[in-house]
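You will see two complexes here that share subunit A, one where it goes with subunit B and one where it goes with subunit C.
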Partner chain A sequence: MGINTEQLSNILDNFVSSTNDVQGAALVTPDGLALAASLPGGMDEERVSAMSAAMLSLGERIGGELARGGIERIYVEGDQGYGVLTSCGEDAVFLVLASRAVKQGILMLEIKGALGELKSILI
Partner chain B sequence: MALDSHKLMNKMEQRSLFTAEDKTLLQSHADWGREIAPDMAEKFYDYLGRDEEMNAILTEKEGRIHRLRETFIEWFAEMFTGMDNWGGDYADRRWRIGLIHVRIGIDPQHVVPAMATVVREAEKRLIAESKPSELKESLSKICMIDLAFIEQAYVEVSSAAVLRETGWTERLFRRLISTGADSM
Partner chain C sequence: MEIMRLVVTGPVGAGKSTFIRSVSEIEVVDTDRRTTDESAEMKAKTTVAFDFGRLQFTPKMALHLYGTPGQSRFDFMWDILIRKAHAYILLVAAHRPQQFRNARRILSFMNQRAKIPMIIGLTHTDCEDAWEEENIAIALGYIDPNKPPVIVKLNANEPPAVANATIALVQEFIQQSSNAEQVCLVT
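Moving on to the complex of A and B:
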């Protein structure tokens, strides 16, 4: 049975529209291919997907090299907002974009919730 | 990106139209190949030595040029003998030569003109000694196959090193190259 991409897209769309200050999200394979994406207009989905996979993998490597243990998330903090990368099981990388105004604790909880839903479909 | 050198050898033979006739012709001139190899080495290192950058690489380590002359002579002669009839040993040896050049940091911009020099100098000898023109063609083909090995090693080893350090999959790496290249 193939992965239900429609369901994945629905979860992402819901997540983006219902979570305060979340601006976009994408689920990509470790090869950098988008499984589902709900990104702000003008963002290059292909490039974002490849870079997200690259970043998570590199983060995991550097985490190992720096003896930081298993990596829970990669956090990109810019003056325009945040990008959070979390691994979603073996086969996917979850990217979330949020504005500067986001409450980080809440964002992390929301991400955890979305990950649970996404994983249940991927397995 | 573990490359299968034997497969590459087969592919290169096909693509270069390197036939059984080429092999027979080269092998029948194996003695001649060995005979002219020292002179070819002389010309080759003379050529490399005239380039500032390449000369610096050659003289960087004590005894390097001497060692290189020996290995070049072997390499040149092997193009005529084919070692194991251009089989697995030949492919492995060519792959290893490529790997060594990548490690030293010798780029396509150095290797391609260098191989052109080998072809040109060999051609002069072929003409001077009235060797059959088919031999020139066979030798050119195998020179280009050897060149392809060094060049392919360059790509493969560079990519494999990045993959090792980043944990990226090969597909991801290729994707990054294509999205990056698209924006150039």
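Moving on to the complex of A and C:
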């Protein structure tokens, strides 16, 4: 049985439209290829995927080599908003883009919820 | 202590990560991930951010080597790395003509962003179907016979060969900077 990509896309679309102040989300392979994405207009899926993979790999490298342990998430905080990267099992990386107005606690909970759903499909 | 930053670039599977592993005196900082794209049959792991290695070249000069990812979806990394580089080497697998176009694309990408000395390193030249040096130069867009690029042949698995290529690159840098009568090494 293959991965149900339609279901993955649905979960991402739902996540983006139902979570306040979330502007986009993407699920990508650790080597930077898109599995599914729901991104704001003007953002290129291929580029976003490659950047997510590069960032997570560097973060994990820092975790290992600078003795920070396993990486839970990578958090990019800009004056326009947030980019949060979370590893989603062995085979995927989950990227979420949110506006500056987002409530961070809600965002983390929502990400956790979405990760659970995504993992159940990937395995 | 002077630091010279060298970038190792080229298409997928040209031997960039191997090059840096062969010459670095520190354990290489790599960002390898399992390959799932069309290059999966060629190799199991691929660089997704950069490789970093270091070499004490002379008592007064250290080389910092940065290897780029090969796939063009990572061209933002090419951009980040080349802007700070002093010189770069473009690795090309001589037996994969289908990749020459990608190599040429990387070449023009780099040359648009940085006017820095460069050389070409040919790998896999011992393969049966490897192309001749002159023909590869033409395929990469060097059509003027009066301005041939500096080309070295190397096996990325052999440290002496990689060291020679590195020396050739540093020489190219020194020559070009003395031509321009300005050395812009940053300490």
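Methods note: the second predicted complex is superposed on the first by the 123 of 123 C-alpha atoms of A that agree within 3 Å, B and C clash if a C-alpha of one lies under 4 Å from a C-alpha of the other, contacts with A are read in each partner's own complex, and residues count from 1 in each chain.
In the analysis below, a contact is a pair of C-beta atoms (placed from the backbone, for glycine too) under 8 Å apart; a residue touches a chain by one contact, two chains touch by 3 or more.
What you see is a predicted model; the values in this text were computed from it and never measured.
Student: A:L58 contacts which: subunit B (first), subunit C (second), both, neither?
Tutor: Both partners, subunit B and subunit C.
Student: In the superposed arrangement, does A:L33 touch subunit B (first), subunit C (second), both or neither?
Tutor: both
Student: Given the touch rule stated above, what does A:R47 touch, subunit B (first), subunit C (second), both, or neither?
Tutor: After superposition on chain A, A:R47 lies in contact with both partners, subunit B and subunit C.
Student: A:E72 contacts which: subunit B (first), subunit C (second), both, neither?
Tutor: After superposing on A, A:E72 lies clear of both subunit B and subunit C.
Student: State which residues of subunit A lie in both footprints, the one left by subunit B and the one left by subunit C.
Tutor: Correct list for subunit A: 30-33, 46-47, 50-51, 53-54, 57-58, 61.
Student: In their shared complex, at which residues does subunit C touch subunit A?
Tutor: Of all residues in subunit C, those touching subunit A are 29, 31-37, 46, 48-49, 69, 71, 73-74, 76-77.
Student: In the complex, go through subunit B and note every residue touching subunit A.
Tutor: Its residues touching subunit A are 165-169, 171-172, 175-176, 179, 183.
Student: For the complex, which residues does subunit A have touching subunit C?
Tutor: 29-33, 46-47, 49-51, 53-55, 57-58, 61, 65
Student: Sort out for me which residues of subunit A touch subunit B in the complex.
Tutor: Per the touch definition, subunit A meets subunit B at residues 30-33, 44, 46-47, 50-51, 53-54, 57-58, 60-61.
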